[in-house]
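You will see chain A twice below: alongside chain B first, and alongside chain C after that.
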Partner chain A sequence: MVTSSAPPRPAPRVSRSVVIGLSIGAIAVLVFVLSPLLGSVSVPPRDVFQILLHQLSGGALFAQPCAGTPVSPRLCGAYEVIVWQLYLPEILLALIVGAALGISGGALQGVFRNPLADPFLLGISSGGTIGAAIIYVYQFEVARADLFLPLFAFLGSVTTGLVILGIARGRFSSVETLLLAGVALANLLSAILSLVLLYNPVGSEQVTFWLLGGLGLASWTIDGIAFGAIVVLATLLSLHGRELNLIQLGNDIAQSAGVDARRVRLRLILLASMATAIAVAFTGIIGFVGLVSPHIVRRLVGSDYRIVLPGAAVVGAIFLLGARDVSYLVFPGSLLPIGIFTAFAGVPFFLYLLYRQRQSSTMGLP
Partner chain B sequence: MSLNDRDPPPAPARRTVSLAVFAVVVLVVAGAAIAATAGYYALRPTSTPGTLTVTDDLGRTVTVPYDPARVAVLSPSIMDVMFRLGLRSHVVGVDCYAAALGGLSDDYSPDQVALWNLSPSMCVQVGPTFAPETLVNLTPALVLASTIVSVAEVEEITNTLGIPVVMLQPPTLSGILVDVSLVGEIFGVGSKAETLNGQLSLELYNATEIDQSLPSFPTVLVTYSVDANGYWTFGPGTFGESLIEIAGGSSISANATTPYPELSPAQVLVSDPDWIVYGVGFGLNESTYAGGPLWSQFTAVKMGNLSGMDSNWLTEPDPTMVLEGIPALLAVLHPSAP
Partner chain C sequence: MRAIADPPALRCAGLTVRFGERTALNDVSLTVRPGEFVALAGPNGSGKTTLLRAVLGFLVPDSGWTELFGRPTTDLSVLARAREVAWVPQSESPRDSVRLYDYVLYGRFPYHRALDAETAEDHAIARRTLHEVGLADRAEDGILSLSGGERQRAVLARALAQTTPLLLLDEPTSHLDIAHQLDLFTRVRALSRERTVAVVAAIHDLNLAARFAERIVVLSRGRIVADGPPASVLSVDLLARVWGVAADLRQDPRSGIPYLIPHHLLTDPTPVPGAREGGPVHVVGGGGTASPFLRRFTEAGYLVSTGILPLLDTDAETAEALSLPTAIEAPFAPLGDAARERNRTLLNEARAVVVAPFPVGPSNLANLEDLKPFVSRVPVFLAVPPTIAGRDFTGGKAASVYAELLAGGAEEVVGVEGALRALGRREGGVSATDTTAPAIATSSPER
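Right after this comes the complex of A and B.
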């Protein structure tokens, strides 16, 4: 009698994933709890938690949010505004944008089968920057910058994404060509931005500051818009995990499994571009989150894109919120662009990736 | 007791003393500058006829032609001095971001362009990079510049083009008087400089006298720009802060760690300034600031304790800052002061 060996049990793998997932979740909760304590102004922890409970309970708890603390009612009022209207929206925006960048990076790395791909590689962010520069430089309704700035940045990003999509649908549709076209487009847009700033130095300081990324536009309204958009886009992206897994095995295998690789790629590029556009619209350019997050997830749970995509969203969210907290811890009271801190963490990781790639590419050579 | 109910803080004794000392220093410096200019500046005749040797604000010793007919002025604050001393006809070039790009409008307000009769043909490009050819074309015998032009570029002008450069970047309000005297000596208009310095000294003296009689110093945010992250203002050791102090205010950014910090809305909320003064012009107006983060939440905004002032009065260290900026700010913060 012929007996077949039992297939490898997936259970340990799943349980490991669950443990890792729970650990990441725990870290996320910890960071989220600590974050309201950190900001440009130091609010006493007891006041922070009482204010949060007061607001979350609709005023039922701690009717006087600073009761029992040596804070005057006037200062308490300021603290309430700071915690509820500044810090919490800022924290939520960091989570939303981090998630958007993380899942976009994961999707694009899968689409291009390139570990160095990230949402900014295709020039999507450069397009958004030009949109923002138009607002700052031409002082177009700056009084309503909270509305027009994200709108213009979004339009710039999406327009760029559509151009890339057009290229992808055209004759030059190989993955390599698309990547190179994206890089070229990003450079062209950067040159246009430089030209715009040269002709209009007024506002160039703000554009430069915006180029480094920040959470200053955060508000409950902005968070609501961003959250709604990102939930939809992230869900749609996450649903493509199986197709991305098959694409990693090659177009032919994907085709034989009933997956139209070209169509899926186009769809994913469009979705990732839109998610990135949302992020760029509200926070400016925050680099390396999209690059680093998928790699961390892959190191932890393997290359299954059904896990990598949502995992990259979670890690991206924690990464960006952590960067915000570190910026306030290292430079208390300063308003340094958050992109500086993601770059500090991201660049060494990027170099490590290059080093690893070089090592693996030379393995086996005499 | 709420913060709203608090009594106005009394004027700190140390400030009163420092303002008194400041007033004395201003008068002494002004007097010394006018009466014994050569000794103060190390300004002395040279062996070459028609030249002077001066020490500028950066401590550089420069030999300059006496009363040069053609001068390039690379700073709006120096242009203000030249105009007030009746030396406009000597000016053949002024700083521009770039003649073909931003032009005069980036460095000068429309009022200044009209008052000083400036034209695009006078542009010397100082940005985005300094273009020495635009300076050479104007054939100046002397360049008066602030640190809008880097020291390296100054050396280039001096060594390569052979045009002497005097850097006028007064470090304090009293330094404005020193520079007025220096310009007066170079152009042989010492008496006009003396008259102008007399007006400046009087304004500074009057302001310090008023300060000493004030019962309190209201806290104030003086901002000259705004973006999504917060409000740009003046930190310690800047002209803006000196202006606030001598106008009887107490800057909420006095303890900042940088000269020109950006305050977050949270920092402004907690500092809770009695007054907010914002710079207007160069594309900024009240609605610009009204669109700033949490603007409507600030007590000063709710109380209507707001005032817009010409940005140049806040940012340019020149006689106009003393003669216009100080009285204007004093009138805002202390409307009942004499």
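Right after this comes the complex of A and C.
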């Protein structure tokens, strides 16, 4: 292998970012087109698009959604429900949750200055599962379980985030102790969860949903709640790009340059916990999206957090939707927990990233 | 532009910082004028860094207060403080290869709001600072591709981009070679003068501090023990008191700046046990041949005398630098009676004589001849190589005196270390270099 001895210069920025932008766009388009065609029931593609256009145009286009296709009106009605009430909310939820996990991971990796930080590693996700499990342990009878359960999962995640915050507020807490405390907390929480499930076999099936993660709860209501919350949280998180850039140089240096590192750290942990909590509340634990997405963005466009944060949201959204599509492609009609697929896709990719990073650092490439 | 009447750039009073039991700063009061270049010197752990960190607000003092340009630091937000004071740490290691230009723009943070883009002024300042630190042509490069010296200048550029009237540097050159040290401080001093930026720099190296700072503040165990212009602060006494190091004070003839030549720790035990007891070791030489013996025996803890040496001879200069009692003769003259008398006095006091392998000519033959009466009284060591045959310029007279000395009990030794070992052996002491040989001899049969 021939390596030049001249100092490495970053590739010309414009052409590189154009190529990257186009390829991400192409993948996004592919995923978006593919997604409504895939699901637990196989619906003919032409009907899918006609139904979508019918609904999106408010009935102006394709007044008869299944016109021109060999589908009976009754079956068409069923298809309409499946595509519009089932697939589309599921697709949107995948996008919303993927974005939430991606941006949380990006923010946490920035705050902790550690590429391994993610909501799952810090126990924020496990906290949500415990929140949901509590419902079953005490066998609460609630009228609207579909909203009440996520609420408890949300509270569980946020509480975990607050505990990490409490540790972070300590006067002598370094980034390293904080990260280790989070890891310890995650282990404690999963131990508690195991205990809960052991003494409560009846509820364990429902709790397993949170444990493995899935899009099964998706509905327009849930999507609406999640979307509103994530738009706010992601916007607030994205405003901290400059601060995170400086924090990468160390808290002291950041502070000497005008960043109130401690306050920013607390604020970002809180916001990231809340974003993760939203995700966990509706889909359970979906691993690796938060870990991998910021890495992909950094590899593609560099380490400027003003780009990494929104970028991680975009990549996370596409990644999770892609994982949903792959799960239906591999096992048509199945309802496999999506967390399994993000792990299957994420782990090898992550190892590849680490391998590339190692290689580049030994070769002195940017 | 700030006038003299303006409030001081930095003022702290009664600053005390404790870390548990340890008092890192003890009642420190300091005032720095706008535009002043102050060096903070002191041994490791004397509180230099702690003082800088307290001023920067990284730690809260247990008592005392700090003002920046007349405003108490407790009244300043982190952001407002970053517009008054910038910091250059000892080293800064970014993990990601940020483009140098973007990295310098980070310094403009205190002037941004969250959503603002960089203004034309920000870009102008970033370009200007890169130019000032001499990295204008590396603007597009990743920061990790810079060399150590360049990276430290990049850190300086980032701090300068904050356009603060006060700059704190914490041993910014401790990882740099001499050229880069000079380069960095030259740039800092030039900028300080051009823009009336006050500089407070923790600097390990007193000589470096004296070269660049108008004023040196010396900290020791958390207290200020000296404060003033380099000429009044730098002293042999200061180095002895604060660092426990023996030194000579000289003056750079071109700049008039004082500098210290440190030579050893005052707490050093003598390397050879018992070396201080007993009289001096008298070294005979000339033309530079005696110098290694003078140095090595002094270093080993022996008192050393020497003679007869011509004035301005290399050996005479060495003897003077080491403050050794020396018998001196005028250059190019035969050894006169006064010098020989002085030399005999020194020989009388000596515990041993070491003869360096010096070239013997008619003018200095007396140096050998005068040893004859002492051969029977004290150990005399004749160092080789070269042997006497190769440096006898007296037509054989020197060689015969040499033979006479050997016959009278003098011993031939090889080199400086040989002489040192021979002396230790003769005196029954165990010299540091000697201990290894018997240890190996006794332990090897057991293996």
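In the analysis below, the second predicted complex is superposed on the first by the 318 of 366 C-alpha atoms of A that agree within 3 Å, B and C clash if a C-alpha of one lies under 4 Å from a C-alpha of the other, contacts with A are read in each partner's own complex, and residues count from 1 in each chain.
In this text, a contact is a pair of C-beta atoms (placed from the backbone, for glycine too) under 8 Å apart; a residue touches a chain by one contact, two chains touch by 3 or more.
Bear in mind the structure is a predicted one, so any value in this text is a computation, not a measurement.
When the two complexes are overlaid on their common chain A, residue A:259 makes contact with chain C while staying clear of chain B.
Contacts of A:118 after superposition: neither chain B nor chain C is touched. Of the two partner chains placed around the shared chain by superposition, neither chain B nor chain C is touched by A:325.
Within the superposed three-chain model, A:86 lies in touch with chain B and out of touch with chain C [touch as defined at top].
Using the contact criterion defined above for the overlaid structures, shared-chain residue A:223 touches neither chain B nor chain C, since it reaches no partner.
In the superposition on chain A, A:298 contacts chain C only, with no contact to chain B. When the two structures are aligned on the shared chain, A:250 is found in touch with chain C, with no touch to chain B. Looking at the shared chain after the overlay, A:41 reaches chain B, while chain C stays out of its contact range. Residues of chain A that lie in the contact sets of both chain B and chain C are absent, per the superposition on chain A. Every residue of chain C that touches chain A in the complex is listed here, in rising order: 53, 56-58, 77-79, 81-83, 85-87, 89, 92, 94-99, 102, 106-107, 109-110, 112, 114-115, 140-142, 144-145, 158-159, 162. Residue ranges of chain B in contact with chain A, taken from their complex: 1-4, 97-98, 101-102, 106, 127-128, 225, 227-230, 257, 262, 264-267, 269-270, 272, 282-283, 287-288, 290-291, 293-294, 297. Residue ranges of chain A in contact with chain C, taken from their complex: 7-10, 113, 239-240, 242-243, 245-246, 248-250, 252-253, 255-260, 298, 302-304, 364, 366. Every residue of chain A that touches chain B in the complex is listed here, in rising order: 39-41, 72-75, 78-79, 81-82, 85-87, 139, 142-146, 149, 198-203, 205-206, 209-210, 214, 216-217, 333-335.
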